[in-house]
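Down below are the structures I want you to see.
In the two complexes that follow, chain A is the common piece, with chain B as its partner first and chain C second.
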Partner chain A sequence: MFIVRFLARRLLQGAVIVFLVSALIFTLLRVVPGDPVRLMAGGMAPEALIEQIAEDMGLRDPIYQQFGRYVAGVVQGDLGQSFVRPANGAAVGGASFDDSTRGERAEVWDLIAQTAPMTLQLALLAMAFALVIAVPIGVWGGLRPGRLPDRIALYLSSLFVSLPNFWLGIVLALLLSVHLELVPAIGYEGFAYTILPAFVLAIEIAPFIIRTLTVSVAGVMGQSFIDIAAVRGLTRNQIVFRHAIKNSSVPLLNLLGVQFSMLLGGVLVIEFIFDYPGLGLLTINAVMQRDFPLIQGIAIVTAAAFVLINIVVDLCATAIDPRLDY
Partner chain B sequence: MALDTATTREALLSVRDLTVAAEGGRVVLDRISFELKPRQILSVIGESGSGKTVLARALASWLSAPLHITGGEVLFEGRDLVSDPAHARSLAGREIAYVGGNPAGALDPTMTVGAQLVEKLRAVRPDIPAAQAREKAVRLLEAVKIPSAERRFHEYPFQYSGGMMQRAMIVDALISDPALLIADNITQPLDVTVAAQILKLMRELNENFSTAVLFICSSLPVACDAADEVMVLHAGRVVERQTPNALVVQPGHGYTRGLIEELPTLWEGGPEGRDTRQDREQAAIMSVRGVAKHYETRGKSGKALVQAVRNVEFDVFPGDNFGIVGESGCGKSSLMRLLTGLERPDAGSIFFENENVGEASPRRLRELRRRFQLVLQDPYGSLPPQSSIGSIVEEPLKIHRLGSRAKRRERARAALSEVGLADSLYDSLPTGLSAGQRQRLNVARAMVLEPRLLIMDETLSALDQTEQGKLLDLFERLQAQHGFTYIFISHDLTMVRRVCSRIAVMYLGETVEVAPNERLFFDPGHPYSRALLSAAPTLEERRYRPEDCLLEGEPPSPIDLPPGCAFAGRCPHAFDRCRRENPALRSRGGQALAACFLNDETPEEDRDE
Partner chain C sequence: MDRRNFLRYGMMAGAAVAAPQINPDFFISSARAQGSRPLMFLSAENITGNWDPTAHTTLSQKTIEGFVMGFLARAPMRPDDPGAMNMELATEITQLDPYRLEIKLRDDVTFHDGKPFKAEDVKATFEYGSLPDRPAQWYPGSNETFEVTTPDDYTVIVDTSKGGYGAHLFIFLAAYLPMMSATDIAEGPNGVLSTRLNGTGPFRFVEQDGNDTVMEAYEDYFKGTPTVPGVTFSFVGDATTRMLSLMNGQADVIERLEPEQVETLEGEDDIKLSRLVSVENKYLWFRCSKPPFDNPLVRKAACHAIDRDLIMQIMGSAGEFSSNFVSPIKFGYTDLENYPEYDPEECQRLLAEAGFPGGEGLPELEYITSTGFYPKTKEYGEVITALLQEQGFPVTLNVMEVAAWNERLYDRPGGGPGHMVDCGWSTGSPEPDLVLRTHFHSGSKRICGIEDPEIDAALDAERNAETLEAREESLQTNLMPMLADKVPALSLFTSVMIHGMRADLDGMFIYPDGSTDASEATIG
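Now for the complex of A and B:
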């Protein structure tokens, strides 16, 4: 009963958020300078043709009408068609307005559906790496606040947080791919291509996890139920692994939710450096080509993912700590 | 040697010359020696700082840095625990169980109580299968009278009330069948009526489970109630050990004598009290009529109404010392917020000098507050740590734009000297002040506006006995000089008995009785008042016995109140009508009012004077 009401409420709130995000993006995109039709048809296309295409596509209608049409499509699962990308997957860009082979334009939904799983894979692996690195360090630091492990955790996270990801990406690619030939770096031809970018991302996320964990583990270890557990006869392992870690995982969970959403939204720099065919790369190209429908589609999908992840995080948090009430 | 084995066989616990010191060499426990026989209950009392809790922790192998044992031995069943820490650790939680004074924080909030009881039993006795451990936990939860134990087993700690949680912690301690239970201040955070039940329970358990108990507490009456023998600790030493009766009649040590003399009494000294007959012709300074306030909470099961204050009625006359007593959750603090206009009542009215506080505009309310002021409970949270003492006292004058700079300073200084704070403190921060000094400062801040009414919300409950006495003297002096009227909101019956002229008793948001001091203590008109009196810690011969006045159980939740009288579920005299109808406050004569149907049966001529 609780779960049904919870989901109904949160999904409704989520729908409102996604609607607002799309309205905002839609409006802003049409306010910024630059005519997408010019980009689509190519610099050489005559003015009359441009106007005609624009009329045909409804781009000269008032914004609210355009938005209404767009929303009507989205509700039916139709995110529209890319302005620039042809369906047959030929090279992007619109130099030739009269090239008939490129008349059919790609569906935004298909473009996202092709790239999103790649980003999901990258994000999951990055998360896994980050947890493997950060959890032992963070817990260890939290168990001995103010002592050496705590300081090691602090120094390590300062170090990690101050490494620029583009620099680390390039250096690791040089070292591990070019010199040692351990992992491939550029493009994507198999799972191995995910490892290096995921590792670079993990180093970027790890400091936040370490800090959150040291603080919350130290906080929990200072509480009286931990203090008294030893007198009640529990062993140190039971205290740390069954009680301390469980109690300190709620703040961590919230952090992971936010971090994971950000990863899913597309890791622009890393995907660009490694030429990784994920949402990030798609976003960069869409922005550079003023591919409005694609940008909108990505925004909507990302916002929806953000909403869903937060719902999952809150559900997990309530499962861990029944006092929480969302 | 032969003698040695003989004594150790007899004693379960034998402590010899136990000395505990802090890192710097400061001795906290000084050559403590005593013995505890199987099944015996021994109370340990002493003021804060006397080393009671350190003793409890030393015996439970729970001393943490900077404290450590520097000498002596602790023989448990003949084996020394000091020289064999590994053995001591293996006994912790199994043979030597510990229950502390903070039941609310004693269990992991994210696991059910039952799961943690099973976890504990299996941690100290891994040979017991899980199903059996579970069965035992439920059986013991029933034994400590937790209602519907089977269901409660699956609930989380936050779903337990304070009293129930303490029962669960007692189960947690007893589940491994320990030979020794160390009970460190277990009744301290509990309300008197609940504490009385816990004490009774502990005695029963001691008989049924043959566990020896070391009962540590800071209240002499409670210690005497609980134990076969009382050991007095003073400045880290055992100063005497006697049976409760002998101790009270013939205290052997000066410290104990002082303790007994200082103890305030409820009935001794006759029905004089501090009673002053009111001049009924005089208009009431504050008049509360049918006030109610509810709060909305949102839980997992949807919205719920907490009926914090339901029906409160009383009048306070000029020069009165009006007391409002009741246990936690009875709505005292919500009522305080209504009286001071911090919140507005949902129903009813509060008149201060014939003006309705509940309906006054915010601006008018601020003007009214010049004439009624509030002093709070927490001496630490109620003072801004970054302002100097002088400016704290001057601030109310600034807010109300009274006087010039120099004038304000002068008045603040005068107020400080009146409450007994040195003039030299004027420019320093409140950081270094003791709790008692802080409350004096709070009083100075309240009285600098020269109000007519001071509302004291548990102002003295954070202070020790001696400091309380000094402040009460101060209040009396200020009243004589300035003609203040006081409202004391408190849970402490002895304090109320000492200072108040008239007292309102609250139970679950209602005033169940309003009576002059002597009448309330000698002829209470409501069964709940009797229950409170029966549970109050005192060494005197009780006029009311807990067995006659209070049934098992705890107050119902203010979220779903039963129909009829809220006390009916715990009242030994409840009859059918009490469960259908809620009695209203009715006069019993002599300015005493009570809300109980039983009073209707008293003869008519007794009632009116």
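Now for the complex of A and C:
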């Protein structure tokens, strides 16, 4: 029954976090400049019609009343309808004030459900690439602290972290897609379209993994149980792969949890540059169009994902090191 | 159950759910393998989500309509012959007398839904599109001002005697108004018109899939089945992304190239460029319904403070110098002798005459512009701001992303937001009233908000001229010089429409408003 108590406690904490995030986003969206009704109805719509639509939609009510209605819907699984996107999901501009397709606006949940798997795929592949790049470098550096491998790890981390992702994305697209024709770059018509943006993200994430692993492995290798392991007759490889890496992975796991949550929260720049149809591109368009329900829906879903991923990370950490008690 | 077992079972369940999602095609086929494929057109602008052609003025959606819809005629609008018209659904358009126009139609055309195209469709299109509540007000007057009769299935008579204006106004409109089906129109604005396009053009509308508008070749197109199997028109917001797509072969055509991109693409062997003086002028609109720009002297002073040569240097190949309120490829264009040019002394004289010597006493002024859609708006906006400040105008430039700018663009009661706003206006027809009447008549005044009886009278006078010749004279000697004197807006330059396309793409015809005839296009 321990697991039930653990999950109940963490989920309750998570619900409070999601509530606070949604309250914050909801309030901020309504105080920033930009009237969503003007965008919805179109620039040519008369002022009286703008006010009428706003009142019909309850957008002129006090914020706490609007939030109350919104939360009541969310609790029942209704994230509302997009202000501007039609049911086919197209990113649209200001329509006419006599827009009869108003009734066919897309459900926020549907839009998120269409795009979230794309971002999940991108995030997973980016994470896999990042681990492939960072783990050998980080472990190598950690095993020889203060020496050349450690310095190489540091220099590579500095190099990777200094590369702006939008610049790297464009350069790699030019090199790998335009000139060498190895991978497609723009849009999405198959899994291959995920490779290049995932690689760019991996370069962005790798420095954090490298530094965490270098420090963590070096720390573990300095502990007495490692010295004793050699006395017990274990080979160097056995010491490193069975004991050092396993014990070094707990801080890495926490880092990966945070990084993965951030990736799911929308890799805005990368999805925009590669025109990758995930949550990031959806978020950018939603912000530019002042699509309040969509922005709120994305915020709630990503906050919830953040909470769940961290619960999973904590469970994994306790599986690796039973001494940890959350 | 302990935490380890919970985690183990959870991972197994997750793997079981994820396994069917893996796409095995990736492992056995190349993602870049392409056979006969549709033309990929990347757009810089999104669409409105309502397919009714009378419900919007959005350029990207007009471009899509260019693929799907049919037109009575098309106007190539090349500088050497701006008024030329090529007949399409019409076989001839004849002015019977000043108030009556006869349109003869082809008898071998069908809509994509199978309905034969007849005179009733032209009548329904004209009468529906001119209803006062239709947002895209392209007509010279409402449906109350003209009458359409159909002596037979392939003849249409337009009679404008009720409105008192010449029937010739419908000649240039014929090149701009997509013909809709009378059956669709009968359902009204809440019917099928808003949910899909149904035209007689070379490509049939299939679906809107996310940001992709999918069209396929129409086998019964009256000029013959198009060569390419279809067109995919896709909104891609980032200019660099569009260029990379063209360079790696994922896109066949991209629009609105920045001058720097032109330089980059000129060096590529497998890319070619199309440059066209467009129907779009870029304007600095003054909010004429509130101080200080309700005073024509202040407007004119501001115009004399602006050195347009500097703007042209910034625009490079993306701009064409012009001195009128319409593009040089519009009917009636002439270089106006009294068009305000850079003259600081005249600026100061006018400011003093208006009661603001050296700009003293002027309120803080906001100049709104956008970034991300039109080329170089921020850059030349900074130049205009500096030039105005030099003459004493207390101007602040406010650069906004497109949606926020769009929200502030149009006139409102009491004057729109800010005091000056940057915007272009493009209509795919030689008809000058699609710009002039739309913006400067007090019944429309979209952005500048001007209400001036003299301008209204001049607009009505040119519209009511009995012949094209008389109209041209009225435009060039009365209305246009008057606008240059009252300057409700300053036309900064004419845009040059630059498209990039793959070198193996042939047979495309691009109109100066960006719409495209791909019926004879071939790839490879």
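Following the convention adopted for this analysis, the second predicted complex is superposed on the first by the 318 of 326 C-alpha atoms of A that agree within 3 Å, B and C clash if a C-alpha of one lies under 4 Å from a C-alpha of the other, contacts with A are read in each partner's own complex, and residues count from 1 in each chain.
Basically, a residue touches a chain if its C-beta (ideal position, glycine included) is under 8 Å from a C-beta of that chain, and two chains touch if they have at least 3 such contacts.
Fair warning: this is a prediction, and the values are worked out from it, not measured in the lab.
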For A:Phe2, select first, second, both or neither according to whether it touches chain B, chain C, the two together, or no partner.
both
Among the partners chain B and chain C, which is in contact with a greater number of residues of chain A?
C
Looking at the overlay, what does A:Asp275 touch: chain B (first), chain C (second), both, or neither?
second
Touch test for A:His243: chain B only (first), chain C only (second), both, or neither?
first
After superposition on the shared chain, which partner residues are touched by A:Ala173: those of chain B (first), chain C (second), both, or neither?
second
Classify the contacts of A:Arg323 with the two partner chains as first (chain B alone), second (chain C alone), both, or neither.
first
Does the superposition put A:Ala230 against chain B (first), chain C (second), both, or neither?
first
Which partner does A:Tyr193 contact after superposing on A: first (chain B), second (chain C), both, neither?
second
Could you tell me which stretches of chain A are touched by chain B in one complex and by chain C in the other?
2
Touching residues of chain A toward chain C in the complex: what are they?
2-3, 6, 33-35, 38-39, 42-44, 47, 84-86, 88-101, 104, 114, 117, 170, 173-174, 177-178, 181, 183-187, 189-193, 272-275, 277, 284-285, 288-290, 312, 315-316, 318-319
Chain B contact footprint on chain A (complex, rising order):
2, 223-225, 228, 230-235, 238, 242-243, 246-247, 320-323, 325
Residue positions on chain B within touch of chain A in the complex are 60-62, 92-94, 97-98, 100, 102, 105-111, 119-120, 123-124, 156, 158, 172-173, 176, 298-301
Chain A-facing residues of chain C, complex:
1-4, 6-7, 10, 21, 23, 25-26, 30-32, 45-50, 52, 55-58, 133-136, 189-190, 194-195, 207-211, 213, 234-238, 240-241, 244-245, 247-251, 401-404, 406-407, 409-410, 412-413, 446
